[in-house]
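Everything on this sheet refers to the single structure shown next.
To keep things simple, chains are lettered A, B, C and D as they appear, and every chain counts its residues starting from 1.
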Amino acid sequence: MKKQKLAEKVVNKMMTDDAFSQWLDIKVIDMKPGYAKLEMLVRDEMVNGFNVSHGGIAFSLADSALAFASNSYGRIAVAMENNISFMKKVVAGDTITAETDELSIGRRIGVYNISITNQDDEQIALFRGTVFRTKEYHFKKDN
Amino acid sequence: MKKQKLAEKVVNKMMTDDAFSQWLDIKVIDMKPGYAKLEMLVRDEMVNGFNVSHGGIAFSLADSALAFASNSYGRIAVAMENNISFMKKVVAGDTITAETDELSIGRRIGVYNISITNQDDEQIALFRGTVFRTKEYHFKKDN
Amino acid sequence: MKKQKLAEKVVNKMMTDDAFSQWLDIKVIDMKPGYAKLEMLVRDEMVNGFNVSHGGIAFSLADSALAFASNSYGRIAVAMENNISFMKKVVAGDTITAETDELSIGRRIGVYNISITNQDDEQIALFRGTVFRTKEYHFKKDN
Amino acid sequence: MKKQKLAEKVVNKMMTDDAFSQWLDIKVIDMKPGYAKLEMLVRDEMVNGFNVSHGGIAFSLADSALAFASNSYGRIAVAMENNISFMKKVVAGDTITAETDELSIGRRIGVYNISITNQDDEQIALFRGTVFRTKEYHFKKDN
């Protein structure tokens, strides 16, 4: 319960502060300690002349999910290595969802697998991210 | 010479069509067959409350460089797998540059290493991308 | 049924021909079109002075699983990009299992996620591989 | 000078202890703090029926180079995420060389790019690895 409150508080703070996640218009669908599910609509500003979404869009959504999930315990965590496989095109008008799966969480390192799907539940990309957990905290009370 | 013209023509078309690369305000610094060097200014809309650039920004610049370099021969190429290591923070006001190094280019597959540096020539990230070269062309004359 | 026979035939041929998979003493636990589950015992020859398995061992088991799953349709497929996150130490005497999950399979490209677990069902590593499907076949009849 | 001695001492100890690197018959060509250059001959036991080297062989050589370079400062470092792109086939009889490039080294994290070439100086693979630097040391005197 207390951990859930903290996770929500951290994500609210991060979303409020994150201008780019706001530009992407990311919605937090679900949020738990070590877990995030985010959603966004792919707009015309995010696609190329073929109407196909820039690879950076799906990556950015997944990267935000990684940041929210890995920071949800209250300690500041930063991404070190991220990789993404693209499996299916995303077009303007698609709604894409990123959902995290925490593979491991240690004192200093966290590893997350993040599945990105479209509105038809088709997997469009798979992302894996490794974060370093610093010794700094989002809120003083968490120490 | 003819190949250089084609490379420039492809990139001009891709830039014109790519709304997200325009939003990022990417500048093409240099462009050759199999090579691209791009630059952008990190704006306030791209950073979080700590003034630190979202990981998706450096990724997106590198992904555009990958797209331009790998499409420069006239054939449409699409990214399959991209990975990025983050080495140094980027803050609002930084100018970041992505420069491609073509590791291999076959009939169907291309592999590129892309170095991302800041205005002080410090490497801030390293990206590697693998593209699939389709049998479609950007312009009919290239067939 | 016919596809299952072919998958088994391909894997038998690959195992017979693959001296390194034999040195690793890989056992094929399960095999279906687009799927492989392999197992091996980590021996003293595979570990360092701390008794910890070399990273190349888990990678090699997963790489064999990738090869078997992606070649199981009869067409020769070759790995292009593989990545692995290590989550838990493996020691001599451990039995490790690699199980594939086919994320996408197209005419020319296949993407697989491969989970590596130990005898206690703990995930010790996660591997993702991208293969290129050539136009060559393992057996003439498959054409 | 003292750092160079330590780097050599660490690598000697690691090589002596590492049964798998010995099976691979890895030769240390050059060794400096934060740097390693290793070489090995691809033997019949390492290839498949097509005479092509198992992907795990080039990976393992690069992984050993990563381990030696990142441990050369005296602190124990462990690989967290490694990725490799394969650009060219390796066959039995080839001599392959892995050479590290230290992209960044912080208090807790190191990132290395490792180029793998054959006897004709052709790049056959490119590997990137991220290590976590523990607080343990190889030798007591280094504390």
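In this section, a residue touches a chain if its C-beta (ideal position, glycine included) is under 8 Å from a C-beta of that chain, and two chains touch if they have at least 3 such contacts.
The model shown is predicted, which means the values in this text are computed figures rather than measured ones.
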{"item": "Interface numbering overlap (same over half, different under half) for subunit A and subunit D", "value": "same"}
{"item": "Taking each chain's C-alpha mean as its centre, the one farthest from subunit D", "value": "A"}
{"item": "Separation of subunit B from subunit D, taking each centre as the mean of its C-alpha atoms, in whole Å", "value": "30"}
{"item": "Separation of mean Cα positions, subunit D and subunit A [Å, integer]", "value": "33"}
{"item": "Computed distance of Cα centres, subunit B from subunit A, in Å", "value": "23"}
{"item": "Where subunit B touches two or more other chains at once, by residue number", "value": "80-81, 83, 85, 111, 128, 130"}
{"item": "In the complex with subunit C, residue positions of subunit D that touch it", "value": "13-14, 16-21, 23, 44-50, 53-57, 59-60, 63-64, 67, 78-86"}
{"item": "Residues of subunit D that touch subunit A when the two form their complex", "value": "80-81, 83, 108-109, 111, 128, 130, 132"}
{"item": "Residue numbers on subunit C that touch subunit A, as the complex places them", "value": "83, 85, 87-88, 103-104, 111, 113, 123, 126, 128, 130"}
